[in-house]
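For reference, the structure discussed in these notes is given below.
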Amino acid sequence: MIPITESPLTRDGNVLILAYDHGLEHGPTDFTDVPESADPSRTFEAATHPAVTSIAVQKGIAEAYYPSYSDDVDLLMKLNGTSNLWMGEPDSAVNCSVEYAREVGASSVGFTLYGGANHEIEMAEEFREIQENARAHDMPVVMWSYPRGQGLKNDTKSSVIAYASRLALELGADVAKVKYPGSKEGMEQAVRMAGKTNVIMSGGSKRSDRAFLESVKAVMDAGGKGLAVGRNVWQRENPERILDSLERIIYEGASVDTALET
Amino acid sequence: MIPITESPLTRDGNVLILAYDHGLEHGPTDFTDVPESADPSRTFEAATHPAVTSIAVQKGIAEAYYPSYSDDVDLLMKLNGTSNLWMGEPDSAVNCSVEYAREVGASSVGFTLYGGANHEIEMAEEFREIQENARAHDMPVVMWSYPRGQGLKNDTKSSVIAYASRLALELGADVAKVKYPGSKEGMEQAVRMAGKTNVIMSGGSKRSDRAFLESVKAVMDAGGKGLAVGRNVWQRENPERILDSLERIIYEGASVDTALET
Amino acid sequence: MIPITESPLTRDGNVLILAYDHGLEHGPTDFTDVPESADPSRTFEAATHPAVTSIAVQKGIAEAYYPSYSDDVDLLMKLNGTSNLWMGEPDSAVNCSVEYAREVGASSVGFTLYGGANHEIEMAEEFREIQENARAHDMPVVMWSYPRGQGLKNDTKSSVIAYASRLALELGADVAKVKYPGSKEGMEQAVRMAGKTNVIMSGGSKRSDRAFLESVKAVMDAGGKGLAVGRNVWQRENPERILDSLERIIYEGASVDTALET
Amino acid sequence: MIPITESPLTRDGNVLILAYDHGLEHGPTDFTDVPESADPSRTFEAATHPAVTSIAVQKGIAEAYYPSYSDDVDLLMKLNGTSNLWMGEPDSAVNCSVEYAREVGASSVGFTLYGGANHEIEMAEEFREIQENARAHDMPVVMWSYPRGQGLKNDTKSSVIAYASRLALELGADVAKVKYPGSKEGMEQAVRMAGKTNVIMSGGSKRSDRAFLESVKAVMDAGGKGLAVGRNVWQRENPERILDSLERIIYEGASVDTALET
Amino acid sequence: MIPITESPLTRDGNVLILAYDHGLEHGPTDFTDVPESADPSRTFEAATHPAVTSIAVQKGIAEAYYPSYSDDVDLLMKLNGTSNLWMGEPDSAVNCSVEYAREVGASSVGFTLYGGANHEIEMAEEFREIQENARAHDMPVVMWSYPRGQGLKNDTKSSVIAYASRLALELGADVAKVKYPGSKEGMEQAVRMAGKTNVIMSGGSKRSDRAFLESVKAVMDAGGKGLAVGRNVWQRENPERILDSLERIIYEGASVDTALET
């Protein structure tokens, strides 16, 4: 763990990552309802919102679109990922090196670890190399810590999320991105288990404004440092409005009601 | 993605790759109807046609024949491939390095990715290395993006082709070579999903002049940048005539009727 | 084997490693009874006790907490580990390099070898590299030598523990951490088989003060050099008291009764 | 492909490799009928015959015997091979590096590729590295191109041999060593498919003088460049006599009858 | 093959390796009958006998005990090995590098190859690297050549042992350590197949003095260069006596009767 409060990944110690790697992970289906969301520029535009600390994308998107936004947006390069076409055991290809992420302008990197998956060992070893390379360049490391695999039926159980955030601490991530365990208490446990590693919530699939913001509020109240959100922003017709609300909750400590009044 | 309009891979921003890796991928059977097509020189000759921006061949063919054509033809080295004798899960051996491709005179490289195949992870990791090496030498990268494998019965469905072109964007290819999804609308979707990555059509097996040219016209109308064509050129008795027609459609925006009148 | 009596891993030739890698290996469940034990600081505090020669943790814990304790605590970096979520054959991911362990301040390293497991070959080869790198920096190597796998039903049988300690000697570990074989005689055999390699006992799950200390006493009487203890220290409400007792037995040769009177 | 007419692998553009890797590939059983054939010196002696352009052996044989013959014999180091004891899927261990082959005095290298085997991908990737290393030292590369594996029942069918010789061209071999497809026509097809890559016949198991020489004559008439022969030379009581005959056919264009009159 | 008569591995061209890697390969059970044999010092003492040319041990034993004997004993480092706990297909972990063996003081190295095992390919490739590294330092290489695996029921059949010794020659070992094929004739065949590679017998499990020495005598009479012996020396109460006998047979050509009279 390195101090990240000086990093562009945080604002006043909190984090709001706008994630847009869904074109790889889920494919075009995620862009169906809001067709213009297929255009990465739209999400890069959204990322200029002051609430957003960094945008998280895959290498190709970063290469093609980041140059136009490098003055206004901070880049977190997601270093692994897999298409939804794949039917094998949970795994994720390392499709970008730390060195190349840096060349493209990333200030931090992201990595998915499927704890409990048959490929956990291999993924943890890939993480070692990435984490140590990132350290050499003082780049914060965000772990998408998603237990998955044999015997893990319900992967948002509090005990599973707590283990997920602990894995991030033990293996040396600076930020643990975990799924919402369904309650503030669950999130508190995850935060406690993560120790000095910062815990943020994974936004998940699109929900109503209120339901989504209430989970964010619970995360902040539980000691979480923010969230990484994708579909709940860019699958909305007006990404800016929800970002306004998120800004109030994450950085100003507003209630959900106040945030919704925006 | 790097700008490729200055690269010899394009002419006025469009692309016509003459592909001739079939001796490896399909074997001698592809040369049966036009026996002289087995001789690489014949296809290199065809590649001197002004409509052709680059020839795509495997390492051995490039080593043996390109030296005689290096003044008149641009070389795209195909870096992986597999024989048709192989009965295993879809995969492709990396049989040439970026560095060696460059020594032989290639200005760009090509790589097949079988999204959804059991070897997708491994292929994506091989692609990472190749793409980053190519970047170091400013060589454009063309991805043969062919979803294949478990659960992919009909691999020219629009949704599959759209995912294929998105994979090329997300992973950092400059050009996505995809199969024709059967309609202009399907191609438009593929182009939209590819964002700044250029989409070209894979020529596929030999068809009638009109059927073939109509698909090319649909690709151009859909915003595609051209095609990579093999059998539809060198399996014809007169490769030059079809190249004349392609030149009209791709670079001059001619209709299929006009192009056929050549 | 290198001489370790000059190393901070020993005190008067004996060893008391305070192990705290359970957050990775077992997960949050180990912290249930004493919730504050989830906080690594508490165990680092305990490690300042003069009885403790080194603390053994995973990379992430070391990075985040060791800087505050580097003056008072010696660091043994555990270089591999696996989560309890994993259902595969016994194996352990190498999640930290020797070089990085050194950068973080470790003076020695630890490695788990599952002799007899289907991954024994691979683990032994990983151990080779780690052991030779550690030698290059004069860092002692502790092997968590735990036979496990097909055909190993009862892995604390004397013959199995004896083989475990011999493996540590043959493969070049300086210290063999083995499970208690259930008797002083069993431990004597393990010590004899380890030759010049130092044998210490693995503390195991929490037991009563007396039962635990009696096994420690038996280890010392059998020629063992101490123990690596985790749960029997930090799962107690008062870690300091049991460390006081351990100090008397390990370094002062006290009886269990005397040690308990502390 | 590099020009090999200046290489010691050829004489007047033709090739006669004396192959002696059978001790590895087949084992001592091949030496049963002519016991003295087990002694590598005997075959090295035979290789001093002016008809022989190079001897092909494995690393160990080269190290031990080549020093005594380096003035009179050219060395082709066979870089992979497998014992006949092995019952697994067709594969071949890379047991010598290009660099070491060169140190031992080899002027060219040989590599077996089992197209169609389950290990084709891996073998083609090993070939890439070897071929590119060989290029760096201007060493010609001979591919033992032997399709084998699932679905390949009759591996001397003309279509299979034609594919085999095409693979050698596509992957960058200078010489394709293929099995005799049973007819001059089959060989002509193989030669046509190989383009600029030189095709030679694999001698195969021992036959009568006439049967063997007739296949050699057919190869030469079909445009082949010669052969790699093992058992048909050193399993004969008098290797020199058959080499005399081969010399007449390969370099002097003699008929089989004339060659037999020697 | 390199000349080894100048190497400390030989005395007057013959070899007597005292092997003591059983603690890894077989475990403590081999030390049951003579408990003091578990102490490596006892075998190092035995190795000071003038009959012994080298001691063969694993890395850890060498590190811990060789420094006290480096003036009087020559070290052959065994570079791979596997515990008897392992239930998988025959394989052997490379647990020491050539470079490190040299640092510890080894003048030669040993490697087990299981020809015919499912891991033969991989082991042969590991052997390549080790053999070539050893060549770079002029260190002789001894191959423990033990065919094993599918279809190899009786692995001391003459034909199997002959193949084993040929593998050592073909792959570049200087010395082939093979099992006794049961007769002088079998050994003669093995020696003939090994060509310039020196053949020595593997001592095997403990037998009576006479039975053991008779096999040694047969090996010498068959042209073998000696033996590598373990249990037949250190499982005896008086290792020195049997070494005296071996000295007479191996270096003085004595009969078994004479040797037994010692």
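In this document, chain identifiers A, B, C, D and E correspond to the written order of the chains, with residue numbering beginning at 1 in each.
Methods note: a contact is a pair of C-beta atoms (placed from the backbone, for glycine too) under 8 Å apart; a residue touches a chain by one contact, two chains touch by 3 or more.
Listed by chain with UniProt protein names: A, B, C, D, E = fructose-bisphosphate aldolase.
As the structure is a computational prediction, the values presented were derived from the model and not from experiment.
Under half of the residue numbers at the interface between copies subunit A and subunit C are found on both sides, making the touching surfaces mostly different. Between the Cα centres of subunit A and subunit D there is a gap of 57 Å.
If you average the CA atoms of subunit A and of subunit B, the two centres end up 36 Å from each other. Multi-chain contact residues, meaning those touching two or more other chains, do not occur anywhere in subunit D. If you walk the ring beginning with subunit A and heading to subunit B next, you pass the chains as A, B, D, E, C. Those residues of subunit B that touch subunit A in the complex are listed here as 1-2, 115-118, 120-122, 124-125, 127-128, 131-132, 135, 147, 149-152, 159-160, 162-163, 166-173, 189, 192-193, 195-197. On subunit B, the positions that touch subunit D within their shared complex are 21, 23-24, 27-29, 31, 35, 38-40, 58-61, 63-65, 81-88, 91-97, 100.
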